[in-house]
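These are the structures, in structure tokens.
Common to both upcoming complexes is chain A, partnered first by chain B, then by chain C.
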Partner chain A sequence: MNFLILFEDFVQLLAVVPQTLLLAITIFILSILIGTVMALIQEYNVPVLKLIVVIVKLLLRGTPLIVLIFLMYYSLPDTVTFLSGLVGLDYNGTNIPPAIILIVAVSFTVASFQAETIRGSFLSINKGQIEAAQSLGYTPYQMFKKIIAPQALVEAIPEFSSSFLIVMKAISLGFMITVVDIFAEARLIATDNSYYVEAFFAAALMYWAISAITVTLSSKYEEYLHSRM
Partner chain B sequence: MKKYLMMICLGLLVLLAACGNDDDENKVSEDGAKVIDVTTPPTSKNLSWQEVDGEILGYEPGVLRAVDEKLEDYEFNIQAVADSAQETGLKTGKYQLNVGGFYPTPEREEQYLVPENATGRSLIKMYVRPDSGIETLEDLEGKKITPFTAGGGTIQVVIDWMEENPEYDLKLEESSGDIPYAQRIKEIDSGKYDAFIGPANLGQMDVIEAMDLDVVETEPIFVGETIMLIYDSEENQKLLEEVDQALAELREEGTLSEISEEYYGEDIYDYQLTEEEE
Partner chain C sequence: MLEFKNLKLSFGNKKVLKGVDLNVNKGDVVTFIGPSGTGKTTILKCVNYLVEPNEGNMHLADMSVDFKKINKKDILSLRRKTAMVFQQFNLFKNKTVVENVMDAQIVVHNKSKSEAYEKSMELLDKVGMCDKENEYPSKLSGGQQQRVSIARALAVNPEIVLFDEPTSALDPELVNDVLSVIEKVAKTGVTILLVTHEMDFARKISNKVVFMENGYVVEEGSPEQIFENSQNERTKQFLSKFYLKEAVSAK
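And now, the complex of A and B:
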């Protein structure tokens, strides 16, 4: 191991950390939004939509992410061209930036797992509280906002922080379609100087640092939420 | 029921542990030759690929086997390994020798032992639509070129060319190289990209014919030599010398041309090497 090169690689990797984090945070937020919608549809037993959600979830959770990115890369541009044609727009889907394709693919995959986490945390709420709220005349929206969401969030925080770390690592598959993240940058650096072990180790250090920060922040936030309950 | 499950699990564990062990032991074959791990890429058809049944075929594995036959003190254990794992494994000494259409670079010569004699030749060609008018690298200005494999030799050739011809501004992108060549050729046909640049002899023409695509190949933009990489250690000096000797003999005997005919359908040694500018 050449420590000088390791250090240089690490410094060089810092340059792509902001864009990697931005991608990961975008995907993370989208996945929670989509996952919440999926969970709500299942919880409130919405006819037809519930069946679609169950099937889509099954497909997404069973598809290797690399396969999904590959399929999206080939089908999304045509789909977008077709859809925009339907509404009378002349948009050429082949111009979709690869980062968007990656965001769509990873968000939906992670959302299908988030939906389960979110459903689980809804179920953790005491039935008595919901009945009490109903008897007090809460609307479903009020009930969600005042009673379900605050408590479910506490339950879900640890799961969310690990799913964020999964997203961080999953986006390295995006290099297949030219999206450069920490790991891809490590490969590019190694390509340049042929010191693969150093570059990969530097990438691992960077991921460890990010995980440590994420875990610390999420447990702080969890404590804060607990202290308010 | 639970008992049985436990027993099955334990059995599997023992089996796994046993499998893990034999890696380190069989280092010497029956006739006393030293068995060394050599690697070659698994998915570059015609250059080197692995069949579904595990058989490893291609020009470079063909050369490896021919070299192996000549070496008395070594026996090759040929494995198909993907690119960055190949280089990482060679760097750490997990593997002793790699082939895979590698181009000679100063970085490689610094880190590995490299035989003076080449393993083979690599022709780089462009794949374009017949009406595109693209014949040389100059014509690529303002065109969309498919992303290059990061760390591959092709992009290096193009970068070298751009350094010599700074008046042409080509837009190059890199990716992990997981999108198969066949798919890239289709992207030329569909108009997503204008040109695919890559080593010929990866079976592109077979793909074009089989799928009836409207794509043609240009004359080679580069003809270079490909090299073997050997793990840099004291004891591998002997391996380096013997491999070098074997490669020289195989070239002279015409065996390399025969292997080329077998896998590429043409003799790569018929092409003139591109002059290196000093």
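And now, the complex of A and C:
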């Protein structure tokens, strides 16, 4: 192992960390939003939509992410062109940046797992508090915002933090459709200077650093929220 | 001020209320007694629609509802005229003592924060919980939590306060604290419906006692009438059993 090269590679990788994190955070937030909607639809037994959610979740959770990414990469541009044509817009779907395709594919896949976490955290809130809020005349929305969501968040944080790491790692599949993240950059560096071990070791170090920071921050935040309960 | 006519409710095949009529005047303290599982709590939960009666009519203050045709708006306004104190306290875990009392005032009744705070502290003072204003419920004893939940119920200026076995989940030595707070509340003239197994307390604070069994009101009347001069076999049997148990446990 050439430590000088390792160090150089590591520094070079730092340059793509911001865009990798930005992608990861975007996907993470979207997956929570979509997952919450899925969980609410299931919890409130919304007719028709509930069935759709169940089927979509089943499909997404059963499809390897790489298969979904390729499927979308090759089908989404035409689909978007067709749909925008239907509503009278002249948009060429082939202009969709690959990063968007990656965001859509990973967000929905992670959301289908996230939905279960979120549903579990809703269910962890005892029925008594819900009855109390109802008895005081809260609307379902007020109750969700003031009582259910803040408590569910505390329950869900450990799961959320590991799902963020899953997202971080899943993004590396973006390499297959030309999205450059930490892993993709490491590959490019390695092909360039032929020091493969150094490049991938530098990438691994970067991933470890990011996970260490994520886990520390999330457990601090969880502790903080627990002290306020 | 509160009137039920022909109130019926079943959970699945199990008929819980089989046609209850009831009349409550403003300022009444009405206590429901009777064996477990006879629908006492269920009646209370019909008032604020935490359970869904199958049929029957209700008048509450200026509202009348037919339970067969009740809509979401009616449900909300029923709930905004009433407040409930639960057996398990049910304080909001993510809020401090004072926030628990303030929240509904702000969220549901659009009061300003300072107004809500002032009223909350006044009520917390009444239930003797002022010094715990910034504690979270998990740090309080059951009796303290129940006193806070009484303050929370009073904070929304309800027409009726529903007490659902407020002392059943408490350690025996904490029961009296809570009972004395309820007694104070009763003296303010607010209308109260109370389900309890504390017979002596029921006798002391109510002006009307309702004996229920099997989904029916068996007998209702003043405490003297029910506890001393009941003409009803079932009432007498229930009360004698109850006092026998007391006598045995006292020994």
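Criterion: the second predicted complex is superposed on the first by the 229 of 229 C-alpha atoms of A that agree within 3 Å, B and C clash if a C-alpha of one lies under 4 Å from a C-alpha of the other, contacts with A are read in each partner's own complex, and residues count from 1 in each chain.
To be clear about the criterion, a residue touches a chain if its C-beta (ideal position, glycine included) is under 8 Å from a C-beta of that chain, and two chains touch if they have at least 3 such contacts.
Note that the structure is a prediction, hence the values are computed from the model and not measured.
Judged by the touch definition given at the top, the superposed model places A:A99 against neither chain B nor chain C.
In the superposed model, A:Y196 makes contact with chain B only, not with chain C. When the two complexes are overlaid on their common chain A, residue A:L68 makes contact with neither chain B nor chain C. Once the two complexes are laid over each other on the shared chain, residue contacts for A:R228 go to chain C alone; chain B is not touched. When the shared chain is aligned, chain B comes close enough to touch A:A184, but chain C does not.
Across the interface of their complex, chain B is touched by residues 66, 70, 73-74, 77, 94, 175-178, 184, 187-188, 190-191, 193-197, 200 of chain A.
By the touch rule above, chain B contacts chain A in their complex via residues 84, 87-88, 91-92, 105, 107-108, 110-111, 147, 150-151, 173-176, 178-179, 183, 191-192. Listing the residues of chain C that touch chain A in their complex gives 48, 50, 76-77, 79-80, 82-84, 86, 88-94, 103-104, 107-108, 136, 138, 149, 152, 156, 162. Within the complex formed with chain C, the chain A residues making contact are 126, 128-129, 131-139, 142, 146-147, 150-151, 154, 228-229.
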